[in-house]
Amino acid sequence: MDMTEVVNAAELKNILEAALLTSHEPLSLDDLLRLFAGRMERATLRMLLDELKQDWSQRTMELVQVASGYRFQAREEYADYLARLNPERQARYSRAVMETLAIIAYRQPVTRGDIEEIRGVTVNPNVMRQLQERDWIDVVGQREVPGRPSLYATTKHFLDDFNLRSLADLPVMEDFVQGEIS
Amino acid sequence: MDMTEVVNAAELKNILEAALLTSHEPLSLDDLLRLFAGRMERATLRMLLDELKQDWSQRTMELVQVASGYRFQAREEYADYLARLNPERQARYSRAVMETLAIIAYRQPVTRGDIEEIRGVTVNPNVMRQLQERDWIDVVGQREVPGRPSLYATTKHFLDDFNLRSLADLPVMEDFVQGEIS
Amino acid sequence: MIETPLNAKIKGEEFTALPKDLYIPPDALEVYLEAFEGPLDLLLYLIRKHNLDILDIPMADLTRQYMQYVEKMRAIKLELAGDYLLMSAMLIEIKSRMLLPKPAEIAEEDDPRAELVRRLMEYEAIKLVAQRLDDMPKVGDGISVASAYYQHISQVKPPGVTLDDLTEAWRNVLKRASHFKHHKIGRAELSVREHMSIILRRLKTDKFVEFTQLFDVVNDGIPKLVVCFLAILELAREGLLRITQQEAFSPIYVQIALDSNHGHD
């Protein structure tokens, strides 16, 4: 296949499909443009992606957009079957880890001190390490106070893993207490 | 979806498709049987895999059987496109390559003999090949001496890559030469 | 008294409340007490368990209940985090401040409980949202992303080279080749060299070119024409091209020099 040939939209979509079905990581628009050696307009690319998404709308995989780009993922209805393939599923994180992650996600950027203040307990360094190793959080700077504590924020990878395009897509934090009591 | 439901062949194939498209590793028949919690005959599974292979025969991926099992893989015709996604960056050019290029740029047109005389070492043919493959130098003629050695010069592409309008834009080092050598 | 579910899992099982009339082995109690994520978590549990109004916390009750739990923790020698003791002190302080006669001018927001209530509410919101994050499907846990195989052809990206790299290489060449001092190359000479290459390229395709054809008198200015002329002279001097003229005033032709050993064909 030669790029100089006139390739029709179906063929262009096939190239996109092949790339997206074989990539482990989401592919950004810039990544996808590289497939065509820069010989494609962003607007055309977006249009083709929309069509591809449509083409797959009744099939096993769905084309979704997450923070760092586009990816195909199996539709939710197959999750239970696919879970059987890997019975030794990843151990769930402790409440301490998930609460720390929630604080960083909703209150970022925060220091360890901020997290301790909200949770009312000291933060085990192990908790931070687990989140960093998973590439869900990282250090984005230091707060300019004595000791210059590190400021933590969530990563793009966190958004990708949680199937989110941006922090605005996080579940809304509700004032549950008020609601339940009144 | 409940396994106790009667699911038709299309749905079973979808489950196989979702599993095979999302697996990093080839899946063996035993792996695939686990998807159905053991409620499938091997013969049925083989038949479904044959059908699935057939379903994809005109599409971007092909279902192939390798030593450790089945996998979907992008058809060969997409390999060149996919290669553009992750170009491997080559290490730096060797000193020999850079000096040879410098000599050709500043002293063109030159023969290999000229370059050897200036550098005081023989020029590895591989060095010239690398520069020619990069389209930075080419042969512009032969010197009419015994052996008719090729005369090398830099190309337009060289000027483009180094963001030069002409060779006269190359930095000159008269000062350096005078200071250092005299 | 309404028992609200305790958000705790012990060895995978949902733990809603302490069985009241059963003997609890000390290690089980330990597990139970350890299920609290800290003093705020324990306080929230007590408020829910005893159906207390978080906006009007009866400090005496809450403090008493809290202290009972802390005592239990001590009794089983659970390594008591300083955070729990700190909270005890804080509760006692709030309680005692509430016992003080309230001067009339003290406004509502000066309620000694205000800060505690704010923290409890914030913590509860985080706790619930953490639960929701935990329940969300995630890549590797509920979400399977496409990762079909493809034949990796390594397309090698050539090394990046800058002009600095090139001049550095040239500098090194000059440094070593000291006999080069007579070959200082200035801009003018570079232009000449460039034209030498251009003319050779031209003669490679055209073989035989009329002298005047090598000059673009319409578009090139005098300096460029001079450079072109110098390039022709230099090429001739280096024996790379031959200039011929059949007779005086007839056209001058330029061609690649042919070695006497070659090309007499």
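Per-chain numbering from 1; labels A, B and C assigned in written order.
Assume a contact is a pair of C-beta atoms (placed from the backbone, for glycine too) under 8 Å apart; a residue touches a chain by one contact, two chains touch by 3 or more.
Note that the structure is predicted; figures quoted are calculated from it, not measured.
**Q** Farthest chain from chain A, going by mean C-alpha coordinates, please.
**A** Centroid comparison gives B as the farthest chain from chain A.
**Q** Centre of all protein Cα atoms: which chain's centre is nearest to it?
**A** That would be chain C.
**Q** Going by the contact definition above, tell me which chain pair has the most C-beta pairs touching.
**A** B-C
**Q** Could you state the distance in Å from the CA-based centre of chain B to that of chain C?
**A** Here chain B and chain C have centroids separated by 25 Å.
**Q** As a quick test, compute the distance in whole Å between the mean CA positions of chain A and chain B.
**A** 29
**Q** If you average the CA atoms of chain A and of chain C, how many Å lie between those two points?
**A** Comparing mean C-alpha positions, chain C is 14 Å from chain A.
**Q** Where in chain A do residues touch at least two different other chains?
**A** Within chain A, residues 18, 21-24, 61, 72-74, 78, 82 contact more than one other chain.
**Q** Residues of chain C that contact two or more other chains, please.
**A** As it turns out, chain C has residues touching two or more other chains at 144-150.
**Q** Can you check the complex and tell me which residues of chain C touch chain B?
**A** Those residues of chain C that touch chain B are 144-159, 161-163, 165-178, 180-181, 183-188, 190-191, 193-194, 196-197, 200-201, 203-204, 238-240, 256-259, 261-263.
**Q** Which positions of chain C touch chain A when the two form their complex?
**A** Touching chain A: residues 7, 37-41, 53-55, 81-83, 87, 119-134, 136-150 of chain C.
**Q** Using the touch definition from the top, list the residues of chain B that touch chain A in their complex.
**A** Touching chain A from chain B are residues 1, 14-15, 17-19, 21-24, 27, 31, 34-37, 59-61, 72-75, 77-78, 80-82, 84-85.
**Q** What part of chain A is in contact with chain C in the complex they form?
**A** Interface residues on chain A, with respect to chain C: 18, 20-24, 61, 71-74, 76, 78-79, 82-83, 89-90, 92-93, 95-96, 98-99, 101-103, 105-106, 118-122, 160-163, 170-171, 173-178, 181.
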